[in-house]
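For clarity, chains are labelled A, B, C, D, E and F in written order, and residue numbers in each chain start from 1.
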Amino acid sequence: MTQLKTLLTRFRNALRLASPALLVASLLAPGLAFGAETPVADKGDTAWLLTSTMLVILMTIPGLALFYGGMVRSKNVLSVLMQVFMTFCLIALLWAVYGYSIAFTSGSAFFGGFDRLFMSGLTVESLAATFSKGVYVPEMAYFVFQLTFACITPCLIVGAFAERIKFSAVLVFMVFWFTFSYLPIAHMVWFWAGPDAYTDAEAGAAAGATAGFLFQKGALDFAGGAVVHINAGIAGLVGACFLGKRVGIGRSSFQPHNLPMVMIGTCLLWVGWFGFNVGSNLEANGLAAQVFANTILATAAAALAWSFAEWAFRGTPTMLGAASGAIAGLVAITPACGWVGPMGAIVIGLIAGLVCLWAVTKLKAMLGYDDSLDVFGVHGVGGITGALLTAVFCDPSLGGTGVYDYVANAVAPYSMSAQFIAQLWAVGTTVVWSGVVSMAGFALVKATIGLRVSEDQEREGLDTVSHGESAYT
Amino acid sequence: MKLITAIIKPFKLDDVRQAVTEMGVQGITVTEVKGYGRQRGHTELYRGAEYVVDFLPKTKLELAVTDDIVEQVVEAIANTARTGKIGDGKIFVTQLDEVVRIRTGETGGEAV
Amino acid sequence: MKLITAIIKPFKLDDVRQAVTEMGVQGITVTEVKGYGRQRGHTELYRGAEYVVDFLPKTKLELAVTDDIVEQVVEAIANTARTGKIGDGKIFVTQLDEVVRIRTGETGGEAV
Amino acid sequence: MKLITAIIKPFKLDDVRQAVTEMGVQGITVTEVKGYGRQRGHTELYRGAEYVVDFLPKTKLELAVTDDIVEQVVEAIANTARTGKIGDGKIFVTQLDEVVRIRTGETGGEAV
Amino acid sequence: MTQLKTLLTRFRNALRLASPALLVASLLAPGLAFGAETPVADKGDTAWLLTSTMLVILMTIPGLALFYGGMVRSKNVLSVLMQVFMTFCLIALLWAVYGYSIAFTSGSAFFGGFDRLFMSGLTVESLAATFSKGVYVPEMAYFVFQLTFACITPCLIVGAFAERIKFSAVLVFMVFWFTFSYLPIAHMVWFWAGPDAYTDAEAGAAAGATAGFLFQKGALDFAGGAVVHINAGIAGLVGACFLGKRVGIGRSSFQPHNLPMVMIGTCLLWVGWFGFNVGSNLEANGLAAQVFANTILATAAAALAWSFAEWAFRGTPTMLGAASGAIAGLVAITPACGWVGPMGAIVIGLIAGLVCLWAVTKLKAMLGYDDSLDVFGVHGVGGITGALLTAVFCDPSLGGTGVYDYVANAVAPYSMSAQFIAQLWAVGTTVVWSGVVSMAGFALVKATIGLRVSEDQEREGLDTVSHGESAYT
Amino acid sequence: MTQLKTLLTRFRNALRLASPALLVASLLAPGLAFGAETPVADKGDTAWLLTSTMLVILMTIPGLALFYGGMVRSKNVLSVLMQVFMTFCLIALLWAVYGYSIAFTSGSAFFGGFDRLFMSGLTVESLAATFSKGVYVPEMAYFVFQLTFACITPCLIVGAFAERIKFSAVLVFMVFWFTFSYLPIAHMVWFWAGPDAYTDAEAGAAAGATAGFLFQKGALDFAGGAVVHINAGIAGLVGACFLGKRVGIGRSSFQPHNLPMVMIGTCLLWVGWFGFNVGSNLEANGLAAQVFANTILATAAAALAWSFAEWAFRGTPTMLGAASGAIAGLVAITPACGWVGPMGAIVIGLIAGLVCLWAVTKLKAMLGYDDSLDVFGVHGVGGITGALLTAVFCDPSLGGTGVYDYVANAVAPYSMSAQFIAQLWAVGTTVVWSGVVSMAGFALVKATIGLRVSEDQEREGLDTVSHGESAYT
């Protein structure tokens, strides 16, 4: 136990633990006394970061929107598209107004500060740190890249309460949840002072103390297993419970109205996920390429695992199963993608495919909630699976990268058990935090404007009722 | 004149069309429908949700024929559409008071 | 035997199906249609263009039933499909000369 | 009361609707169908494959009308839908035993 | 007035005023006497420029094609897809044959020259200037990037006369309009000698005199508000008037046949627009990231503005409204995206959303033209809105970048009124020029091969009539 | 003839002949004795290579899947989507396990070795050679880029036997064909020691002797005309013959069920092809931009050629024709794109559009096979056309680049006839090799698990029968 504490302290102090972080150019100045040159962003890195940002948008609109939209009945497809589209737009503005500041400026271990409210001080010259000493990207690029993460996460939740929620309820809940769950979790997991702060043990300790809570715990979350997927998955579960089951469930058919649309959505999610995962590396280098490879291989493995299991147990491998498996693999590799080797990625994919299949068939049936499009079963369960397996396959002896010690400027000795505990901290904190915030949010909306449309409206379909349109004529 | 309405399995359409054409039927109208008869909806497990699939896709044929060939045509349809499994379908026959052929304005048996 | 054709609001389908099944109706055929009755098309302003939406989506049910239950079934459909608002729909009843059940070849009342 | 079923070329729908509305027809039900009559399927060469296009898209109209206007309506439909080319379509007239208006429960001629 | 003239003269001479421009390697040689090294293209810039080019293509085919295709009735969807697809192909070839040469080589202030006919002299070694001194990109990359702008602009017009035009008429008109409206306007707005020519006041004046007419007027058009959107919007308006109303308008339903298709198109337009706007920066740097941020924020703001206004006035926020709003925002931010700050971008988006909503509902009803898919209401009106607001939010005191003086190598003092007048020049010139060319073009086609299909053919649908196919079976 | 031999020997020894190749970092060490610095990958190149990889995935899933899926009847659309999706996933894993090693490590002239089995030795630091001396990219990036080529090629074959094959038969055949046809052909055409090995004539000769068989023959295949398209096209032809005709062919309608879906697929194929062709350049430079231009121009020309020919002969230009033409152009420019000038590309496109139209109408009718989606007519015939025309338009006197002599460090004198013969070698070898392997593969599957579903199942549709789902409800 003492040993563990020591380990965690070490993690807390010095290691290359989490995804991106920000270093404001002005803060940078003193650090530059140590180096001789003013850092300048590499245009190749910037090009890749902008490309990645574009990809995460593609992944959300239209990717996620189509993935979800194809799975609902045709009378509700527009409502899902609108919920995703409008949530994206709304959160984008909030990100510029206060989101970025709260997530990525220094404050407490749980919330950031207000230095960047309305993007003040964020200029075309500001730089943000990467994971390599002396390597910076334009802070504005980091801002837009992270904006897309902030936007897609609430959109993921939409799947849980699809086909029965009021449109206004969606918007109000999203603002609440984004502010009180997404922003703090992002800060806890990803905020740190950047590698150049770790000049020696003391400076490293000082820098470490300014990082987010879970970063200090040593949790590894390369591209958002906890911040994005567990976070959204739990909110989905809470939402499904608060909303209650859809009318007719178990009696009528709820088959996806357009499976090719689901397939397009899946593919765009996969393609866009290269921006999500590989962009999180912030640099266009060999490790970026490995993250890319991992994102292909884990996904392919998970899709195959789900399909073959379905073939074995159900008789036929379905397109929806293959698509679901792919998403499960993508979710599970997200926290791990920069820490594990390609063979580790394949194993993570295989496991995630089977675990999520179990979650959406057995677990869901056992618990009896109606999570319309399996947000919890895929993002929640897949995210937890990935977060925990990260600790396993990060191990250099299993082909992982290990964890880098920025004080020693070398890979640190690896303890799987210590890392596993750090991962449990991340999972547990996210589950509890998002759970509590989500309950508060749904309760609030229910008590004020109401959550659900009337039964007749639900039968008629949300497209007509909430948006006055029909998808197809 | 009679109107024969047959509800059959979609993949039997080609065969039935061929069979009735051979009997001299001059026209067919086809509609995609859903339905169930004694072949009831089955329960399906799909990505975790159990769904009752009540209505199965069927094809509805409507044929206006003169009285003299009604029986043969009904028989031909029944024989061709039969697979022996549930869901093979139904044939309904109703009386047609009048038929008009729009292009020529012909009516009655001529028009069928 | 009679053929009951009911044109109802699409979202009433589930309820109507359940109601008629309870009366012993053995089969239904469903078609997606569009239509208008006294519920006329309304004018809609949409992205700048005013559109007359003449035809609204409706669901057509066809049920072949034996004579004895026709009235009850018609009543059950009417009661279940009624919302009291315009556009609730219509029910038509026509005479069925013959019914054939394809799988077995049965005809008449047996076949319904 | 009679049920008039007309199978016409899809692009004639607007004109026919207008024509029958002027005659006092209160409601129409429209179904998208495919069919062929003496206008047989044609052979089409498409990216290398020769395809027989048997069934062409048509529009089916169903109109329940009172006996007094049946003939006029049939004539109006025929005249409006006529282009003089093959594939203009057919009109069928059948007897309606009963009509129920769901919203009000009215029956018979009132309900049409 | 004298002051104004002085200001404009200064603009004319020296400033960083407009979007990209070309410097042929051979012309470059003398300039190189000043510097010591041969310039070499940065691979990061090249990577981003190629990515951007790909994105503008994605934005057109399938993006724009789907956006338009989903909005027409199902009997006309293929005709719209074909018109967009074939116009794209045709203009691509013409761009290689003479378009690029006329737009981007030096000639008069209105038309370029013939140096690059059939791409002669354009090799893998030729370089094109950017907006930074000493920074070049491969001219071939600039060629393909600009090709995509030349291709998408005529495609935008397709929406105005959809559902009733002859296919052959589309093709003939496009060739005419591309040659006599797109190419000269592009030359007038974007052609200049590049920043390295502005070595001192005298050289700057000499270089300025070789630039395009509107460039000399000091008009700012970062990514094509005038060249692309106003230009196409006016052509659309003229086209709608020449063609006349569709048969059945006001009597039958003209609802979009497939709104999810419209939504996919909108999203691909948005995603592709990052190539359009950010690529126009020609470099992958901090300003590129700011253009990216502006393109997200203005669009999100416009989509929200349109939707909420619709919610207030119509009762329900529609998917088509949200999509239309997004496009309105994208159009309006296009001229402004490199000159304004993120908060300015949000305001531009909000205004554009409301103004375009007004244009497609009130203005269109007032004027009574049948612009099938609101090319004028969105691209014309949105483009004018954006062009004028550029003058407002370019102001450094409102967060804008101001205008760079390449002679002084510093941002010049900013006069909003002078800039506003420069923008009016751009708007006015484009409106008149495109209007006249479009009238000539449509009149010519009408008099020769005819513009419109017969009424019966229009009822039957253009897919069968013009292409012998049905979209769905 | 002697002259020819000499020429070929020269080709064999020294020239920049084919697409990418690999140089393991460890092998690199000795070479580095010559240079002073350790080579480092340029981040701009890496950014473009990752972007290209993403694009080739987009091109396959959903691009190719939609292109094929839209062309089948609605009862079979999911089966096609699944076949493409699952083949992609399966081959991705096999590529990591043994594919990459067999294709891109040194072994015989026909097969590579086992050094990279399970990606052993492939780290984030390993580098791969490009076509420029001293320029390297991360080997991991090269691995994922080539993975996408390995994945899309088998997927292309799916179109030939669509609508009647068993799902299990697809998977088994794909594994067989990938192993015994794709991998060796890729090795034969693309494997070489990299340009840095060509230090002098002797070293060049030694290096040349380690290259793949067709590389040694001097065949030019920039992005996979032979490896990908001819290879898959022949497999498709063999498959169509083995499977036999679809039930009802010639009697019923086999019209595409969703032409907008075909159009989306086509556009995504085109967009993704920029990754395919331009990425094959491995560097983000002026030549990359020229490859980009060629890929636009040839495709546009081919789409126009096909459409106008159809307009002339059939009466109306169809969307399916324009789409088919575009694909034909893309296929034909693939082997040529890095060797020909833009005007050459246009001519190649025009020819390919007409030749492929002839192939899918006349040739197919003459031979009487039922290649459901014209894999042979477009990919086989288009690939052969492109491979042969490469020899013509590579000629510097026709605007081509000629062939680079890495020993002399200059473009070598060009002999069109010699190059034509080298191209014939590539075409002939691929046709025979793929033909034989495909026959063996289909025969094997037929004899074991069977190739085709029952006639009743075929009538019912593969979606229900093989996957237990319907595409649309």
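The working rule: a residue touches a chain if its C-beta (ideal position, glycine included) is under 8 Å from a C-beta of that chain, and two chains touch if they have at least 3 such contacts.
All values derive from a computational prediction rather than experimental measurement.
Asks: Check every other chain and keep only those touching both chain C and chain F; list them.
Replies: A, B, D, E
Asks: Could you name all chains that are in contact with chain B and with chain F at the same time?
Replies: A, D
Asks: With chain centres taken as the means of their Cα atoms, state the distance from chain A to chain D in Å.
Replies: Roughly 55 Å, centre to centre.
Asks: Counting in whole Å, what is the centre-to-centre distance of chain A and chain F, each centre being its mean C-alpha position?
Replies: One centre to the other, that is 35 Å.
Asks: For chain B, write out the residues touching at least two other chains, lowest number first.
Replies: 31, 54-55, 83, 94-95
Asks: For chain E, write out the residues touching at least two other chains, lowest number first.
Replies: Within chain E, the residues that touch at least two other chains are 42-45, 47-48, 51, 251-253, 255, 258, 264, 314, 318, 320, 470.
Asks: Provide the full list of chain pairs in touch.
Replies: Those chain pairs satisfying the definition are A-B, A-C, A-E, A-F, B-C, B-D, B-F, C-D, C-E, D-E, D-F, E-F.
Asks: Spell out the residues on chain C that touch chain B in their complex, using ranges where they run on.
Replies: Answer in residue numbers: 3, 17, 26-31, 64, 94-103, 105, 111.
Asks: Any idea which chain A residues touch chain B in the complex?
Replies: So the residues of chain A in touch with chain B come to 249-255, 314, 318, 320-321, 324, 360-361, 364-365, 374, 377.
Asks: Would you mind writing out the residues of chain E in touch with chain D in their complex?
Replies: Within the complex, chain E touches chain D at residues 248, 251-252, 456, 459-461, 470.
Asks: What residues on chain E touch chain A, complex-wise?
Replies: Checking each residue of chain E against chain A gives 42-45, 47-48, 51, 55, 73-74, 253, 255-260, 263-264, 267-268, 270-271, 274-275, 278, 283-290, 292-293, 296-297, 299-301, 303-304, 307, 314-320, 322-323, 326, 341-343, 346, 401.
Asks: Write out the stretch or stretches of chain B touching chain A in their complex.
Replies: The contact residues of chain B facing chain A are 41, 45-55.
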